[in-house]
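Going by the order they are written in, the chains are A, B, C and D; count residues from 1 in each one.
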Amino acid sequence: MAVDENRLPVPETVSDEYAPGVKGFMQGARSLLTGLGITASASTRKPITVRYPQEKVTVSDRWRGALQLKGALGRDEIDLVSAPPHEYNAKIDGLYRNDRLSPCTGSCPANVDARGQAFLIADGRIPEAYELVRERNILPGVLGRICHHPCESACRRNRYDEPISIRLLHRFAYEEYRKVAAERIKPLPKTRDQRVAIIGSGPSGLAAAYDLMSLGYTVTMYEREAQPGGALSTGVPSYRLPRDVLYGEIADLVALGLDLRCETEVGKDVMLSSIMRENDAVLLAVGLQDSRILPLPGTHADGVVGALEFLWAANNLGDAGVKGRRLLVIGGGNVAVDVARCALRVGATEVRLSCLESDQEMPCHPWEIEEAVDEGVIAMCSMGPVEVLSEDNQVTGMRMKPCLSVFDETGRFSPTYGEDTQDIETDVVVFAIGQAARLDSLVSGTDLLVSGRGQLVVDGADGTTSVPGVFACGEVVTGPGSAINSVATGHEAATSIHRQLEGRSLTEGRIARPVPVYEKYAPVDMEYVEPDRRRAVVTLADPDERATDFRPVESGLTKEQAMAEAARCLRCESEVCVGCTFCARTCPDFAIKVERTDQPGARCLTTYELDLTKCCFCGLCAEQCPTGALQHTGQYELSFYHRDLMTFDKGEMLRSDQGSRATGLDGITSPVCPAPRTGPGERP
Amino acid sequence: MSFLWGMLWGVAAVMVIAGGAIVGVWWERKVSARIQLRLGPQQIGPAGSLQMVADVPKLLFKEDIIPAAADEPFFRYAPLAVFAPIAMSVAVIPFATGWAPFDATAGALFFLAVPSISVLGILFSAWASHNTLSAIGGVRAAAQMVSYEVPRSLSVLSVLVLAGTLRPVAVMDAWEWWWIPATFVGFIVYLISSIAEMNRGPFDIPEAESELVAGYFADYAGIRWAVFMMGEYGGMIAASLFGAAMFLGGFRLLPGAWGVVAFIAVGAVLMTIIMWMKWTFPRLRQDQLMTFCWTILTPIAIVQLFAAGVIAAWL
Amino acid sequence: MNINELREHLCSEYPDLCPLFSVEFGDGSLTVAAERLYSAASDMRDLGFDRLGMVTAVDRGETFELVYRVTSREMRAGIFLKAEVPREDPHIKSLCDLWPAANWHEREVYDMFGIVFDGHPDLRRILLTDDWVGYPLRKDYEDERMIRRPDYI
Amino acid sequence: MTEELVVNIGPSHPSTHGVCRMVTTLDGEIVRHVEVVIGHLHRGIEKMAENRTYLQVVPLTDRLDYVGSMYANWAYCRAVERLAGIRVPERAEYLRVIVCELQRIASHMMSVGPAGADVGATTAFMYTFAQREQVVDLFEQLCGARLTYNYVRPGGVSMDVPEGWVDNVRAFCRSHPSAMAEVDRFLFGNVIARQRMKGIGVLAPEDAVAWGASGPVARGSGVSWDLRRDDSYSVYPRLDFDIPLGSNGDCYDRARVRLWEAIESCRIIEQALDQIEPGPVMAEAVPRLITPRPGEAYDHIEGARGSLGVYLVSDGTPRPYRMKVRSPAFCNLALVPMLAEGHTLSDLVVILGSLDPVFGEVDR
């Protein structure tokens, strides 16, 4: 411990004494003169007091003063996070830098404006909500079924009770939109004469196609299969994603002007080189087609299948040859769970799922494995495969060993295993441990580079490949991932293509999407959450019944449910008070009273009363405010001639810009609550 | 005729003291503020100099509160009984050659004796307030003022011995410069005991605000309280001017009319020193105060008087 | 001295008190019957717990739980002494003659809970006025001047 | 023996340091008996806490010891953290130490200065107030409030330091010891102040222990007991500091112990500023509604006035079932009748001031 040599040493005892006798008398007399000297020198120093108000200019932004509202429900509408495709990143970035990016939008890989969606749905403007979401997520209905919704984990409502069901709101918006789709969809004008070809009709390709079409390009899309949708069509089981949803949304896109050519395999039916000649830019969104199979002894035996092949057969043929047989899935990801649940539906008698990770670390989403276990899947965690056992080239079982740890200290994949092995009897082994791209026929006749591991050489940042004018996006670039991630890469690639075709630099002035870090929420004790604050509950089909067929497991929201759910949105960072009452709930003096009405079309904060006679200036309310609408003013010394003036009503709280009692200036009245909109065509 | 003249002089003395008190309060507020790292009055007038002028009407128009339990006649007039003797004492101070407002033959005796009457006023106010804290303050004040009368008178006496007269004007005529060193110890005793006599810090035990709130005038408000304050400042002015005249040569320091200026200036410096001490030193306790008076100040004053007597006899 | 050493020390000196000793959130507490509290406190003082930090009570419904915090400078440790007295006519022996510090603390407990400390030299209300009705920290205390909190959290 | 005079000092009186009433029986100037009547500032904070959530209680603890709000915040938050099992990040612990040592300076300035004012030296009061003003300005920059900070929260502190704040604290810590040395010469060197304070209200060490006195009151009597060292909590074990002790136990020693503690606090702050590292200031995932499991927890810290403890009983709901504040000023104030008897009326206020009661905390 470094000891400061210059510091004053603490005396042995603080009770020092004067010397006795004359010496002490002189010490005393001297002390009086010292005192006079100190006061005399003090009178020459700078005073510590300041003149008010001339010198008190340093107003701290942390001051806790009286409170004001920046905006309120029904008075101020929020800014929808909406922009042309190529300017979207800059908009998000600006919001992020100003701390105005809501957690849901920030945490979404594609930055879908979930806050705006909730705002519009709660207001009854559902088609607008759908179109707002479609700006960034071309398949709201699809993602509304299958998205792993990182937005809901980031939702600030987690702090108080339960997150908004953003995914189900997507789904609800889609279902409502279907009713009006025909009249709302108009072909996008083709304002530019350049042509873009997109190879693959998966989520990333579709996202890029929509962006490019809305920028005025002519887009042609090639698909190998008979049905468009890529992995969504071939891989995702229909109990999760009914095919009419997927094809319906793609049909919308076609109606918007997409030239979709199915059953056209590039490299066989049409050569990539000729597509490159005919178009100004080509986007490869081919995805991953091959299942990886571990190089273990015995994998050549009959009954060892890859996950994609299995899923394709189960989805398209309705029979994967496992009826009445036992099945073991190797892998713990989402695909593995899909395989396991499909296997049950196509008649497997016993489905096991084994993975290296423990049940806490499984890479699939917890709700998925939960549903799968409900349906009868047996999860075997922390198990590593050793060898496929076979008899007469027919799989009979799998030898497994316990996995002790999956990752090493640095977080790299480096599993360690125990000694004792265990044999598991099974008839079919499905490997769901990852996928790889199949590019050989595609790239033949072009200069596209493929790495030694069979991967396309791509600059991950802007999607450029080794050939100018050819771009790539989706899982072929990122590796296996979520659908919304693919959508996000599609948007990036579209931006690159647009810049290239406009002749601009691909990187200059381009803003990378920020990855904001959101607060981690503690689990909320639901015992203390009132019923009307809880999130909408949707029913899941009975596990025993649903495991037998491919009907959708989850039901959607009703209109009432959806609007109530959307009304729960806190509109984070919008600086508009939504009347969420969390300031009133956290006020230690019970000085705040908040009420609102949720009448569609006339949602309004009806009451906001702050009783300053009770306020203790603790600042907890403003800290709790999710939207930032409740803010401190610099006024912490308020005085009035009448104590009634100490109660600030809603008008007073909102009047800060013109000057109010809260900000120390008396102001003008302001409009408080709008009349309900009852115009033709709009619901009251 | 002489009665009229007396009235006129009385009014003039009151005006001088009131004006002096206004300036004195402002000055004390500025001095104490600077000592205490503050700014003092700022808002009214240049450097807040009109603050006190504004305070006077405020004090005049404040409600004249008389506690229900108070002994009303005494409570009403006790402030005057405190103030009047102090105002009277100013009359005998010699301002210029051969001139004092009231050129009394036994003027020095007058100056020492008359202000002591104010102790009666203090006792009146203390008793009439019917308040335990006031009563304690009044008794403390009486004991203190009577005690400090002794060293104060003895120290002034040493100058009078050198001059051989009780008439202040005559003392000034006889003044020689070497009296300053010869009576310097007496001057210190005079200064200290004067502070005690006017109940100012560090001897403000009767009104000790930390224990007795304000002592004998705790229950006073408005103009009556202002009269007490005028008494305090009047006493300070009188003691400073008299000390400047007797011990420091007064108007004899400079020739002619400049002498009057010098006299007032020295008095102001003495006043500032009194303020300086008040804002520097802690307050003594009652028993320490008495011990200090009787075992230190009084013997020193006697020694000074003896020395002055020896010098006077030797001349 | 950590809590385990403390327990051993206590058990070796006063084996009869040992089973009454329990640990919660890192703090040891000794729960005794109300009649034994004085003797237990006296034993604790002899053991070296020379300071009485606080005396308080908790309304446990049928009973009041009295909580005494005693600390030792020597051992650098503190424990709770706890005893329960019935809600009806609560009495306990005062610790004023063991620690003079108990004087005000017991007055406060009397003031807030109405627990009578037998042998206290000056048992009066301390924080509330002498004519106050009721014992505010009892859970059943009612006063119409109390501000009701809203029912939501 | 003269006839006894009963003088009622307070509750509104300049030297009661709040609202304390002392019914004093005087024999002449000598105090024969004092009865301290407290409760004028009783707001029932312990009862109020039972009706508020754990977070809502924090602003109430501000109002306990309004001269040292940070301490009450901290003691309460420690008890909550103990109950709810919250681990506080290291940076938050350092910040707590820094603000609490600053608070100790501010609080002791509020005691050393008035010790001068009690004996009539109001100027000393202003000199210490100048120092306190700087600390309060630092707090204002930090959390926006000058008196009721609401800064320490269950799980950490409410916000990280603003830009430039650390430099301001360092500058203050450099200038403070010399300012204190001047106050020491001005007040504690002054012969009149010494005469007024020495030998007044002598508290014997064994009495200090038996009466439960703590903090500078006990240390002024030579009882070497400081929770920062003897029941070391937070990051204090990593900091090097001395504990000033008195030997006579009179008013002079108690006041001067505070002065030296204020100087030592600067040293603690400087060390803490050297050791602090960037990081989060709030524990991860502290729920908005803290609902600890049923149980009871006690935690104490060395406040400016002594060991400040908070006893919390939880019944598993989001509101404390019972909160008890072990207030050091309450225990210290109980000494007044014993210390004042036989001294004069003038000494009574000096004795009361030397115990440094803050009635928000005494009356709760």
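To be clear about the criterion, contacts are C-beta pairs under 8 Å (C-beta built on N, C-alpha and C of every residue); 3 or more make two chains touch, one makes a residue touch a chain.
Keep in mind it's a predicted model, so treat the numbers as computed, not measured.
Counting only chains that touch, the fewest steps needed to get from chain B to chain C is 2.
With respect to chain D, maximal separation of chain centres occurs for A (centres as means of Cα atoms).
A summary of chain positions shows that the Cα centroid lying nearest the centre of all protein Cα atoms is that of chain D.
Measuring from the averaged C-alpha position of chain B to that of chain D gives a distance of 43 Å. Inter-chain centre distance (chain A to chain C, centres taken as mean C-alpha positions): 53 Å. Centre-to-centre separation of chain C and chain D, using mean CA positions: 24 Å. The centroid of the Cα atoms in chain A and the matching centroid in chain D are 48 Å apart.
Within chain B, the positions touching two or more other chains are listed as 35-38, 279-281. Taken residue by residue, chain C touches two or more other chains at 149, 153, whereas all remaining positions touch fewer. Along chain A, residues 32, 35, 38-39, 42, 48, 528 each make contact with two or more other chains.
If each chain is drawn as a node and touching chains are joined, the picture fits none of the line, ring, star or complete shapes.
Interface note: chains touch in the pairs A-B, A-C, A-D, B-D, C-D. Chain C contributes residues 24-27, 50-54, 56, 58-59, 67, 69, 73, 76, 78, 80, 99-101, 103-105, 108, 112, 125-129, 136-137, 141, 149, 153 to its touches with chain D in the complex. Within the complex, the chain A residues that touch chain B are 32, 35-36, 38-40, 42-49, 51.
Those residues of chain A whose C-beta lies close enough to touch chain D in the complex are 1-4, 7-8, 10-11, 13-15, 18, 27-29, 31-32, 34-35, 38-39, 42, 48, 60, 62-64, 159-160, 520-525, 527-528, 586-588, 616-620, 623-624, 632.
Listing the residues of chain C that touch chain A in their complex gives 147, 149-150, 152-153.
Residue ranges of chain B in contact with chain A, taken from their complex: 31, 33-39, 42, 276-277, 279-281.
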